[in-house]
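Across the two complexes that follow, chain A remains constant while its partner is chain B and subsequently chain C.
Presenting the complex of A and B:
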């Protein structure tokens, strides 16, 4: 698979995943609205899908349920795996031919990460676009107005894509240091640790939603990791 | 045969036991409000300032040191990646399979049967080891915690009435060595069938994880909770009776058997 075929495949996978997550979330919300006889708004879907951990004030979040975190965790996991397929499926041995020909390790690493970065961005963009379409065209009302909703969704798209890029670049160096088993363990572990930190300190919103300017902390966090990985591209050695 | 000792001297087995214990402890530390009690502000205006800090802290600690809170919160943050830790010992079989695959498929008689035997042995070893780790953790925790509710739910329905009320630790031991053991065994068995046709280690881990996620999400969409594989790890908090709780495990075992049947037809004779 190459070129437009691959992009089509990624797009379809992301749309499928988005619709599955949407149905998952809306099932839970419909059950809630039937049980409490309350009205639903479009923002509720976003809050339920991308986790708004203000459990004391927001009634529709229904407390700390493990299964509510699952679609979001699954999306982050599959996005990273889609990106990492470009170097995981080839293996380190394949890249020794690149290493012999390219002059600096910086060029080598950027070459190794290049394809996966495109895949990841395409996957994340199409997932978020599908979610936006599904929520905009459903029959519920806006809690505020359509402009703030779209602005919030675009901000979420930017912070999630930046976070995924930062994590992807960090995990690439984990793959160089430990092997593929270490990569998988670190992937699931780091995601779980970030979820854990974010749930214990909800105001420190690394990937979840919070009141007011929650996206600033997220962008700063992703920026720090991106800067760190930029240094790592210069100082990391490549060895099999 | 000397290759058998590597089934016990397996670095992945030790790694998964240690990682399971450590991640359960970390998960309990954060999910059970223990961390919050240690770091909270005791000079807040809504607390009575005449009572000393140690007394308030002690009463809070007593409220969280219960069996139900411990078992629930130790699973809370790690349930998403539990299948990876469970399947990790099966990578020992991956190494062993790579060793003798090319030689064995033409030399060993009934090679397919031999593979299935090996997968079963590996699964039993890893399930035993993981259950042992869980038993150790629960027995150490049992020294500090007490029971707070009278009825644990549907999984105790096969046991005599008031069994949980009289001996909560025995109930949790029963839970570990029945449903956890069987579900660890079956997940390892499924991963063992993946080992036969996967060429890399990460494929085994990611495939198992995606199948578990798929079962969880499908069960919610189809409103068929018996399909949810994560439900077996939450057996302490379920509405199903003891035998109904085994249905997702049964479905996964069927899946593993189907994959084995397909692989059997591909075998070289």
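Presenting the complex of A and C:
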């Protein structure tokens, strides 16, 4: 796909995924609203979508089950796949053409990851913007502080994108070591493990919301992984 | 000497593929590698490019190759026939690679397409190419920066009789221009006609056969 076609495809895929996630969550919340005759807030949608782990104290989060994790899981999974397509679709052997021109493994790795990084950021940005638009548009008459909601969503956009970038870079090196199948298995497995860890220890807040400072640990976690991948860029060899 | 191999030993998963290989290749030389399937021809080319671990020393154009870290310089390579990008045209594929170092103009890319006989198909998407056309395009990407060294793994694969003759003629011409060419082939007649020296890989050792 050419540049603008790809951007459109990424944008539309992200919007579609965001819409499906939103519809799933809003159905749950509207049922809750009707059953309890209570008002809905924008924050409820954010919590439902991005899984507020401390849900035992919030009655609108009741009835949570594993399916509630799916929209977020699929978003993270799709974002990494979207990024990784730039190197998965060409195959490792193709990058000999790059290697012969770029001379060093460090420059080669940076270049191999470049396109995917861009695609991933576009995808994540589109997804979050679509979620923001859907929530704002569908709850425009709700009485509440929209500024707080927007700030929360921007923070989520930043931490999710950083987390995705860190995981994408890490999995890129997994791909170099284990090839396509290893990459896919590791992607599914690593995400599932992070979900389990974060749900077991909610205050870790690696990807899920946890009160006001939920973004600090996530940024530190992603920062450490990014640093680690920077070292891998320097020290990891490229073998065919 | 442009390519120097000194005591090069290659092991893959603790199995010895090539043992104590020594070779010197100069300018204007065309070297052929022959051997049965799995004998280690492509493995040797990969080692020279720095794509697999080896022990010993490989020096290309005065610079040591460090496996996996520091790759071959001033070279056009084609190992194991990697596919070009199907949804791009021939020219776009070359442009994409040219953009990596920005040393080649579009005019030069078109010239190289003329050299390999693909200029009429420069706007055609690669997914519609025949095997032979894809092979010509791979050769074009190896030539496009006018490198001093060409490393070509089975360059005649997929080519018809006319294609083989044209590419042989092109390689002969490039040799006359001072290029160093290292190639592998199953077709011993082509190798004999084109190469100054021919080596056979047998049982992990390299023998000069002509």
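FYI, the second predicted complex is superposed on the first by the 232 of 240 C-alpha atoms of A that agree within 3 Å, B and C clash if a C-alpha of one lies under 4 Å from a C-alpha of the other, contacts with A are read in each partner's own complex, and residues count from 1 in each chain.
Simple rule for what comes next: a residue touches a chain if its C-beta (ideal position, glycine included) is under 8 Å from a C-beta of that chain, and two chains touch if they have at least 3 such contacts.
Computed from a predicted structure; not experimentally measured.
When the two structures are aligned on the shared chain, A:91 is found in touch with chain B and with chain C.
In the superposition on chain A, contact is made by A:238 with chain C only, not with chain B. Of the two partner chains placed by superposition, A:35 touches none, neither chain B nor chain C. In the superposed model, A:189 makes contact with chain B only, not with chain C.
When the shared chain is aligned, chain C comes close enough to touch A:104, but chain B does not. Once the two structures are overlaid, the count of chain A residues touched is higher for B than for its counterpart among chain B and chain C. Shared contact residues of chain A, touching chain B in one structure and chain C in the other: 91. Chain contact summary for the complex, chain C toward chain A: residues 46, 49-53, 67-73, 75-77, 79-80, 82-85, 87, 97, 100-101, 141, 145.
In the complex of the two chains, the chain A residues touching chain C come out as 1, 90-91, 93-94, 96-105, 108, 111, 236-240. Taken together, the chain B residues at the contact with chain A in this complex read 12, 19, 23, 26-27, 30-31, 35-36, 75-81, 84, 88, 91, 200-202, 205-206, 209-210, 213, 216-217, 220-221, 223, 230, 234. The touching residues of chain A, counted against chain B in their complex, run 20-21, 23-24, 27-28, 64, 66-67, 69-71, 73-74, 77-78, 81, 88-89, 91, 179-181, 183-185, 188-189, 191-192, 195-196, 199-200.
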